[in-house]
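Both complexes shown next keep subunit A, but they swap its partner, so subunit B is in the first and subunit C is in the second.
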Partner chain A sequence: MNAVLVAIFLIVGIYAADVGTQTRDAFILAHKSPLSLYAVENMDLVIEYGLYNVGDKPATKVTIDDRHSFPTQSFDIIKGLLHVNFEKIAPGTNVTHSVVLRPRAYGMFNYTSAQVTYYTGNDNLHVSYSSAPGEGYIYRQREYDRKFAPKYTFFLTFLALVAPTTIGSYLLFQKSKSRFDAYAKKKN
Partner chain B sequence: MAKLTKEEEVLLSSYSPASSTKGNLFFYVNALIISLAPIYLFYGVHQMEIADSWIVWALSSLSTAYLLAYSCKNQKRLLKHQIVMKRGPAVDREINAKYANDKKMSIKEKEERALFRKNEVADSESTYLSIFYTNTLFLTIMLIFAFFLLANVAPIFNLLLSTSGSAALVAFLSTAKN
Partner chain C sequence: MKLSTVFLLAALGFCAVYAADVVDGEVTEDSTRATTEDDDLTIGASPDAALAFQFVQPADANTINEVYGGSPVKFLIGFQNRGEKDFIVKFSETSYRYPLDFNYYLQNFTRGEYNRRVAPKEEVTLDYAFFTHESLAGRSLGLVVNVHYEDADGKYFINNVYNQTITVVEDDSGFNGETGFMFLIFVALGIGALYVANQFLSKLSRKSGLQKRSTVEQGTSGNEVDYEWIPRDIIKNSEKKSPIAGSPKARKAKKTD
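Take a look at the complex of A and B:
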């Protein structure tokens, strides 16, 4: 019985030692998230991709392909590429990549994940996906303005509209009043 | 009933609620401007669309304009009486000073002219003052309603309540007897 237990402990111990010391292949964790707080039609929207190699070997020929997430009929690409290559990502390092887009239409939009491909240390092609930001609302420009644009120009115009008759009539009244007050004070 | 003399007619007109055509035109133009201005504010600040809300706008501006013109007229009637009393001595002096060297003019004629002048002065002064008073009252109430009390209510109800509602309130206040 004891001999069996000792044998089991030995096997487990050897296996654990092996896991602790063995080198792991390159493994990339990818995230995709919008940096802009609000997505608004016809206004810049910044999307950031982050890659982190958690493996012990470098990942080579890393590509991010997100062309399918942002079809050109719905988005203009202002700056950056939706399909990028990185020659090598060293173990324990990260890479970020960002793209500036401009939504063409408003409404709900489903942000899907980007595809990431890379070769692990032993030249195996790995295909994985980044996290997906999920559904988000793209604001209408008007709704956005309503929330955030300053409104004082409208109030100034409003004042300019109502001022002529309101202040004008007061001034005319004052003019007439002061004229007759002068007569009232004058001694005949 | 015997035909009224010119003097009596003037005297009567100075106490009549009816105002001159010029004054009335001024009231209507003013009321139209003052009722349209808030709509611009609702268009800009509360983001109402022309295509969606022109019916509500027309409804609001017409009712507001009517109520404002009505309250201006009422206000004028109240003010005119006070102003006739207030300006009386001053107008008398003005007429006396003006015709001091005119020996031909009789005292009666001078009085007649003074009466006519009093009515004229009171008419214009009360027109100006009633417009100023009605406008400031309406605009203050309207702005408080539209941007403080009802700021978070749907724009259509906000518009109707704050414009037509405050115009109705101003009209109601103008119906006071004294």
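Take a look at the complex of A and C:
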């Protein structure tokens, strides 16, 4: 009877200790989101990756691999790496990483999730996938320009159209004014 | 006599047992039905799934449980499959509840549809963002986030990842149109006050210091020319050329030369 009780107490004690000291292993949450409001062909598109370690232990050898979601035939990498390595992410901290890309073509594009791998304490490999921004439209350059580009050509044509009436009359005015000025000088 | 009593007792006993049995049966039936109904209603979490929750924006919401009214709140949900079967994360539902009674819904947000398959020993991060209206600023609300998922066998699970009372704080950071225009009006009022003060002071000084100069128009009776009214260049010209004494005829003759 005593032995059974002791056994039960032991089990309960171990369980309680386990629960009490059971720190959660490193748990990396990864998000991937575009920082640019519009994705436009041949214009910079900034993608940000954020890694948050919400566990109680550090995660080691953390890698982000997103090479598969931005194929080089449709994206130019302007700056940054799509495959990065972080030696260690301490518990309760976060890391952000951003990449500047340039889409080569317009149309719908499905932004899929990036793959994140990391190791917890005892060389335990975790394979994780970031959040996926989902489908987005990559604007045509012309569409974007129509909306947002400074319309220099419009202004130039407008000036050309307005020139005959304004510049002509200004020149006439100048002519007569200079005549009167000369007359005033002569008079003096 | 003894036999009859035995029978009577037996009958009584039978009756009692039967009655008890019936009652017992009813009770057990009821209880089983109740428990099954309970099981159907309260769908719990799977022991093979580990979920995590993290606010991304505002970043300090994880520790102080405060969000800003009128600005987006973003959070991440981590889903870890520790079992042997696939999980399919269906969606997350986010809602504001009355903080004193979490059964009372204040606002239901659009659910975040994910439909993502999580293979065994894999993890997935899901994101969601919602907007707290400005009018909720200054209130504490219960924020509840539930994640709905099912396993490969079609068994349905709901996991609660966030269930706390948060405070919605007024957002004072950044430019506020209302206060901006208020400052603009203050600046305008200040300029107006300066102008009025200037007018008042100049009027006072004129009255006290320059009272001798009368500004009453006296026509052309005076012999003196008021040089204030004559353009400066003309005065200069007239200074250069002193009027030539003599008859106008002589002057004319000189000009024609």
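In this text, the second predicted complex is superposed on the first by the 134 of 188 C-alpha atoms of A that agree within 3 Å, B and C clash if a C-alpha of one lies under 4 Å from a C-alpha of the other, contacts with A are read in each partner's own complex, and residues count from 1 in each chain.
Assume contacts are C-beta pairs under 8 Å (C-beta built on N, C-alpha and C of every residue); 3 or more make two chains touch, one makes a residue touch a chain.
What you see is a predicted model, and the numbers here were worked out from it, not measured in a lab.
*Asks:* Give one of first, second, both or neither to describe whether A:S74 is in contact with subunit B, with subunit C, with both, or with none.
*Replies:* Neither partner.
*Asks:* Considering only the touch criterion stated at the top, classify A:T63 as touching first (subunit B), second (subunit C), both, or neither.
*Replies:* A:T63: touches no partner chain.
*Asks:* Between subunit B (first) and subunit C (second), which does A:T166 come into contact with in this model arrangement: first, second, both, or neither?
*Replies:* first
*Asks:* Where does A:S176 make contact in the superposed view: on subunit B (first), on subunit C (second), on both, or on neither?
*Replies:* Only subunit B; A:S176 stays clear of subunit C.
*Asks:* Let me test your reading of the model: by the given contact rule, A:H126 touches which partner, first (subunit B), second (subunit C), both or neither?
*Replies:* second
*Asks:* Does subunit B (first) or subunit C (second) touch A:T112, or do both, or does neither?
*Replies:* A:T112 contacts neither subunit B nor subunit C.
*Asks:* Identify the partner contact of A:F158: answer first if only subunit B is touched, second if only subunit C is, both if each is, neither if none is.
*Replies:* first
*Asks:* Return first, second, both or neither, reflecting whether A:A30 touches subunit B, subunit C, both chains, or no partner chain.
*Replies:* Second partner only.
*Asks:* Name the chain, either subunit B or subunit C, that contacts more residues of subunit A.
*Replies:* B
*Asks:* If you lay the two complexes on top of each other, which residues of subunit A touch subunit B in one and subunit C in the other?
*Replies:* 188
*Asks:* Within their complex, state which residues of subunit A touch subunit C.
*Replies:* Listed in rising order, the residues are 27-31, 33, 50, 52, 54-55, 113, 126-132, 188.
*Asks:* Please output the residues of subunit B touching subunit A within their complex, sorted ascending.
*Replies:* Residues in contact with subunit A: 29-30, 33-34, 36-38, 40-41, 44-47, 87, 89-91, 93-94, 96-97, 121, 124-125, 127-129, 131-132, 135-136, 139.
*Asks:* What part of subunit A is in contact with subunit B in the complex they form?
*Replies:* 142-143, 145-146, 151, 153-155, 157-158, 161-162, 164-167, 169-170, 172-173, 176-177, 180-181, 183-184, 186, 188
*Asks:* Under the definition above, what is the set of subunit C residues touching subunit A in their complex?
*Replies:* Counting only subunit C, the residues touching subunit A are 50, 52-54, 56, 76-78, 80, 116, 121-127, 237.
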